[in-house]
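Each of the next two complexes has chain A plus one other chain: chain B in the first, chain C in the second.
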Partner chain A sequence: MNQRIFLWMAMAAVAPLSSVAGQTASQTTPKSSKPAADAKTPWGDPDIQGTWTSDDTWGVPFERPKNFGTRATLTEDELKDRQKRVEQSEEFVGTGGGNTHSPAVAELQAKEKGEAAPAPAAGRFGRGVDSAPVPGHWGEFARRPSHQTSQIVEPADGRLPALTPEAQAKLDAKNKVRREAIPASYTNWSYYDRCITRGVAGSILPVIYGNGLEIVQTPGYVAIRYEMVHDVRIIPTDGRPHLSSNIRSYMGDAVGHWEGKTLVVETTNFLGDRMAVGVNGDGGAPYSEDLKLTERFTRASGNSINYEMIVDDPKTYTATWKVAFPITQEPGYQLFEYACHEGNMAMHNMLSAARMEDKKAAAAAAGQK
Partner chain B sequence: MLFGGLGMKHSHILAATSAAAFLCMIPAVAQTAAPRIPRMADGKPNLTGLWQAMGTADWDIEDHSAAAGPFFQLGAIGAIPPGQGVVEGGAIPYKPAALEQKNKNFANRMKDDPEVKCYMPGVPRAAYLPYPFQIIQSNKDVLFAYEYATTNRLINMGKPQEAATDTWMGTSNGHWEKDTLVVDVTGFNGNAWFDRAGDFASDSLHVVERYSLLDANTMNYEATIEDPATFTRPWKINLILYRHREKDARLLEFKCVEFTEQLLYGDLVRKPSK
Partner chain C sequence: MKSKLLIAAAGIGLLLGVAPVWAHHAFAAEFDVNKPLVLHGTVTKMEWINPHAWIHLDVKNADGTVTSWMIEAGAPNGLLRRGFNKSSLPPGTEIVVEGWQAKDESTRMNGSNITYPDGKKLFIGSQGTGAPGDKGDKGDK
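Let's turn to the complex of A and B:
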C-alpha cells in the first residue's frame, strides 16, 4: 500500500496529460493465431478464458466532460491527439516514470550533472516518501487510443444520474471522514487503502496499475480473479438462484448465464453503505444494499472482450446507468500475487504519524495556556 | 508440540504410521478399482467442486490432545479440539534450531500466527484451514479459490514457469500423473505457517501436492514437504478432502482483514478525549 500511495503521488504529475489519453480496442489488432471471437470451450460455452486488462481505457474520463454533450466518440482530430498522449505515456513509463516533481529525484539528477540541488518545492511533494531519493516508477498505460469520450455510456450525456438526497448525505459524510486532516482511525481510509477490497466495479475500472483479471471456465462455472487485493468471484452459470438475502458480502452474490456469445452476470446481496461504484470502490456515493450490477462480457475478437456494467440502485441513483469499455489481452501481461494487507505497513505508519501530530498539537495547546 | 513433549508424540508414531500407510493405499486402490469419478471431456478427473478438510489439522498437524485455548473467556468455544495428526510418521523432522523456533512460534502465536492477522495461509495450510475452498478446473489451468481471506492461486498446467518472485502462496505448476493432479509449488516467502501450533518452514520450502479423487465426493490430499533449512529430511502430510454436498453449497466471502484491524492498529486509534 505504501507503494500504492507512492504511485498515486508519482503519477499525479502525468494525470493531467493522461486524463485525456485513452483508448478503445479496435485500432490495432495484434496478430493472434489462437482464439477467435467465436472460440468455444470443449463443452460448448463461448470461451472467454485468459488474462485481460482494462488498461486501454486508462485515461478515459469516468464521466464525460460537459463540453462533449451527448457525443460519445472522439472526432478524428481528437483521436489523433489521444494517440499522441498514448505514445507519450508509453514513453513516460518506458523511461522510468520521470517523476520530476520529486525533490529527491531532482537532487539525484542535479548531482549527476554536478550541480547544486534545487530548492525543495512547496506543498506536499518533498515530504514523506518523496523525501528519500527514489527512482521513477512504472505505471500501466493504454496501448491504443480509445474512441470513447467517457467510460459512462448511459445516460446519453455520459454522466452519473443525480443522487437521491439520502445518497448525497452519505457521500458528504464519507468525504468528510476521508478528508479529516489528522485521521483518527483506520476507518478514515477507503476499503481499498485498508486492503479489504475494491469491490466488483472497482476491480475492473481502470487505474494506474493492477488492471488485470483472469477468467477461468469449467462446465457450470465462470471464475474471475482480479490481481489487485487478490479478489476472486465464482460465478455459477447453471441457473441457480441468488443466495438468501441474509448473506451479504463486499463482492456480492453473482449468478451468470450465457446469452448467445455473451456472459451475463447479475450480482446482488451487497453489503450496503460501505463501498461505491467508482474508482477503487471508493469514488462516489456509497451504494445501498439494494445495489444490483448486471455485467455483460462479449468476446469481440481474439484479444478483446466488450465489457459493460449496468448499475441499478434506486436508493442511491435516480436512474440506472451504464459503463462500457473493452478489456484486452496483452502479450506478456500476467497476474501476480498482490499481498496487500500483508504488506500494509503504510496503515500503521500513517496512524502512528497521526498520533504524533495529536501529541504535538496537545503540547502546543498546553504551552499556550 | 502443543502438550507435553516429543515423547508423548512418539508413542503415537506406530498408530500414525499404520494409518498413513492405509491412507496411501487408497489412491492406488482407487486407480485400479476405477470408481466412478467425474471427468472432463478429455478424460481427466474433474476436481471442480467445493471441498473442505475435516479434523483439526489447522490447530496442529501433529497428534495433539484437547487443551484450553489462549482465552479463558471463550470457554469451550475457544478450546483446542483433540486430533490425530496428518503428518506421516507422526512427527515433523525438525532440525534442533527449527524445533526451538516452532516452540517460540507457539508461545507467541496470538501475535505471530499469520491466520490471526488474516494473512495468506500458504501451502499446504490452505488445504486444511477450517474453511471450504472451491476448485474450478478448466480445460487449461486449475483455479483454487479459498474462502479464508479470499486467497486464491492458479495452477499453471502449461509449460512450467519459474517463480518470478517469492510469495505467500508460491508459484504452482501442475501436471497429471494418471488420475492424480500433481502440483509443484516453489517460490515461497517463508512467512506462512502450517498450523496454529507454530509449525513453519523457511523460504526454501518446496511442496509437492497430490490430489487424487477416491470417489466422486472424497479426495486424497498428500503434500511432500521439503526444506533443508528447517527439516532433516522431506516429510509428508496426508489427509482427506470432502466435497460439500449440501444443496446449493457455495463458496462464501470471508474477508477477514477488517476483523483484524483493531488488533493490528487499535493502539494507534485516537482515544476519545475525556
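Let's turn to the complex of A and C:
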C-alpha cells in the first residue's frame, strides 16, 4: 500500500515531464518509426503508451437508435453520409465555424437595412457526427467516420438493459434534483459540474471537448491520465488482489493483467450512489458500490487501440452491458492542463442566477398581494 | 453595428431552437437566452482559466461612462486546439462581441462571436479565421 501511494505520487509528479519528453521524442522521430500493433516495452509488455483520444467516436449515439435494431454497423451508404458530415464538421471548424452565419450579426444587419431577420443557416453550429448541435466554440470533432451505430455493443440491440426498481427510483430522484427550475444548492449539480471527477467511464466516453488520455507504463504498472477532469489511475499489473472493500473512492481500485497483447483492467471499490456509468459520469442511473468495470485495451495498429468496457452492477442493471470504440492518436495532439475547480466561475454564476430568480419570484408574489 | 452598446431585441433566441447547450455546465442555468447582447469595447485582460476562459472588456456607454464586462469563452484546451493563442486578443484590442447576458443581471456574458475593427471575425475557439497567430491549417487537427 505504501509502495503504491509512493508510486502514485512519483508518477503524478513525473507525468508532466514525461509528456514533455514524449513530445520531444515525437518531434525528432521520423514518421516511419511509429510503434506497430505488436510493439513491446523494453521489459517485454505490450506497448500501449502514448497520447490517445476518443474524439473519433464523438457523435456516435451512446445507445443505438431503435431503427437500427440489432445492426451494429452502418451500411456503405450510411457511412458515406456520416463521412460527409465529418467533412462538414472539418470545414466548419476550418473556416471558423459559423462566423458568416452569426444570428445576432445577421439580425442586426437586417434591421439596419429594414429587412426581416434571415432564417438561421445550416451549419451555423458545430455538430458531432450524428448528434444534436452544440456551439462550435465549445466543440471537438470526429476526424474519421465511425462504422458503429452505437457505443453500446452488448446487449445485441445496443441499448442499456432495464434498470432494477431500486436503480430506477434513484434515477428518478436524481433527475428531480437536476431539473429543479431554481436550484437550491451546489448539490443540485453533478460531480463533473463541480469539477470533482467524471469517474472511470465518464473520463473516456467522448464528449464535446477534452477527450484525451495519456498512457504511461513502467514494469508492473500502467498509469492512465485523463485530460478532463484531471484524474490519474495507477494500475498495478503484478497480480495483486483488490484493496479491502472498506477502502472506496470515486475512481475505484483498479488492478490489471496482460492477456496476450491486451491489457485487462478490473476496477471495483467504488463509492456508490454518486455517479453514473455514462457521459461525464452523470448520464444515467447512479451506480451502486458493487459496480465492477472490466476494461480491455488492445493495440490494433500503430495509432489505434480497441477499447472495451464491460459494466457489471446487478443492483443497478438487470444484465451486464458493454461499450466498445477505438481510441486513436493524432499528430500534434497533446494533453493540456485542466485545473478545473480553480476557475470554475460557473457554480457561482449559476447559484447567483438562482438567487436572482428567487428575488424575482418573491417580488412578483408581493406584487400580487 | 455602429452602436457602442446595443442590446439586441429578443427573438434571436432562434439559437435556442436547438437542444439546450451543455458544456462543462448548463448554459441555461447561467445565461439568459432571452438577453442576447452585442458589446463594442476594448479588451483589458484575457484569463486562460479552466473550465472556461474569460475575456474582460471595457465598454463605453452612451453617456461616456465605462462598464467592465466579463465574457465567457470556450475551454482553454479547445481554444488552443482551434488555433487561438495568447496574441489573439491582447489588451487594447477593440472588438465587438456577441453573446448572452448572465441570468443574475451582472455584467457577464457568454460569448459566441468576436468581430475585429477590420471586419475579421473569430468564433471563439475556432481556427482558420484569419485571427492573429491563426495558421488555419486544417491538417493540424
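Basically, the second predicted complex is superposed on the first by the 298 of 369 C-alpha atoms of A that agree within 3 Å, B and C clash if a C-alpha of one lies under 4 Å from a C-alpha of the other, contacts with A are read in each partner's own complex, and residues count from 1 in each chain.
Rule of thumb we're sticking to: a contact is a pair of C-beta atoms (placed from the backbone, for glycine too) under 8 Å apart; a residue touches a chain by one contact, two chains touch by 3 or more.
Computed from a predicted structure; not experimentally measured.
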Applying the document's definition of touch, where does A:V232 land relative to chain B and chain C: first, second, both, or neither? first
Looking at A:M345, would you say it contacts chain B, chain C, both, or neither? Reply first, second, both or neither. second
Which partner chains sit in contact with A:F336 here, chain B, chain C, both or neither? Use first/second/both/neither. both
Looking at the overlay, what does A:Y192 touch: chain B (first), chain C (second), both, or neither? second
Contact-wise, after the overlay, does A:S249 reach chain B, chain C, both or neither (first, second, both, neither)? first
If you stack the two complexes on chain A, which partner ends up touching A:Y209: first (chain B), second (chain C), both, or neither? second
Looking at A:K40, would you say it contacts chain B, chain C, both, or neither? Reply first, second, both or neither. neither
Should A:K84 be classified as contacting the first partner (chain B), the second (chain C), both, or neither? neither
Let me test your reading of the model: by the given contact rule, A:R143 touches which partner, first (chain B), second (chain C), both or neither? second
In the superposed model, which partner reaches more residues of chain A, chain B or chain C? C
Where on chain A do the contacts with chain B and the contacts with chain C coincide? 195, 336-337, 339, 342, 347, 352, 354-355
Applying the document's contact rule, which stretches of chain C touch chain A when the two form their complex? 1, 6, 8, 11-12, 14-15, 17-19, 21-26, 29-30, 36, 38, 47, 49-52, 54, 72-82, 98, 102-106, 108, 111-113, 115, 121-130, 136, 138, 140-141
In the complex with chain C, residue positions of chain A that touch it: 90, 93-100, 102-105, 107-109, 112, 117, 119-120, 125, 132-141, 143, 183, 189, 192-193, 195, 208-210, 227-228, 330, 332-333, 336-340, 342-347, 349-350, 352-357
As the complex stands, chain A meets chain B at residues 41-43, 49, 184-186, 194-197, 214, 216-221, 223, 225, 229-232, 234, 236, 240, 243, 247, 249-251, 334-337, 339, 341-342, 347-348, 351-352, 354-355, 358
Within the complex, which stretch of chain B touches chain A? 40-42, 46, 48, 114, 117-120, 134, 136-141, 143, 145, 150-154, 164-165, 167-169, 191, 248, 250-253, 255, 257-258, 261, 264-265, 268-270
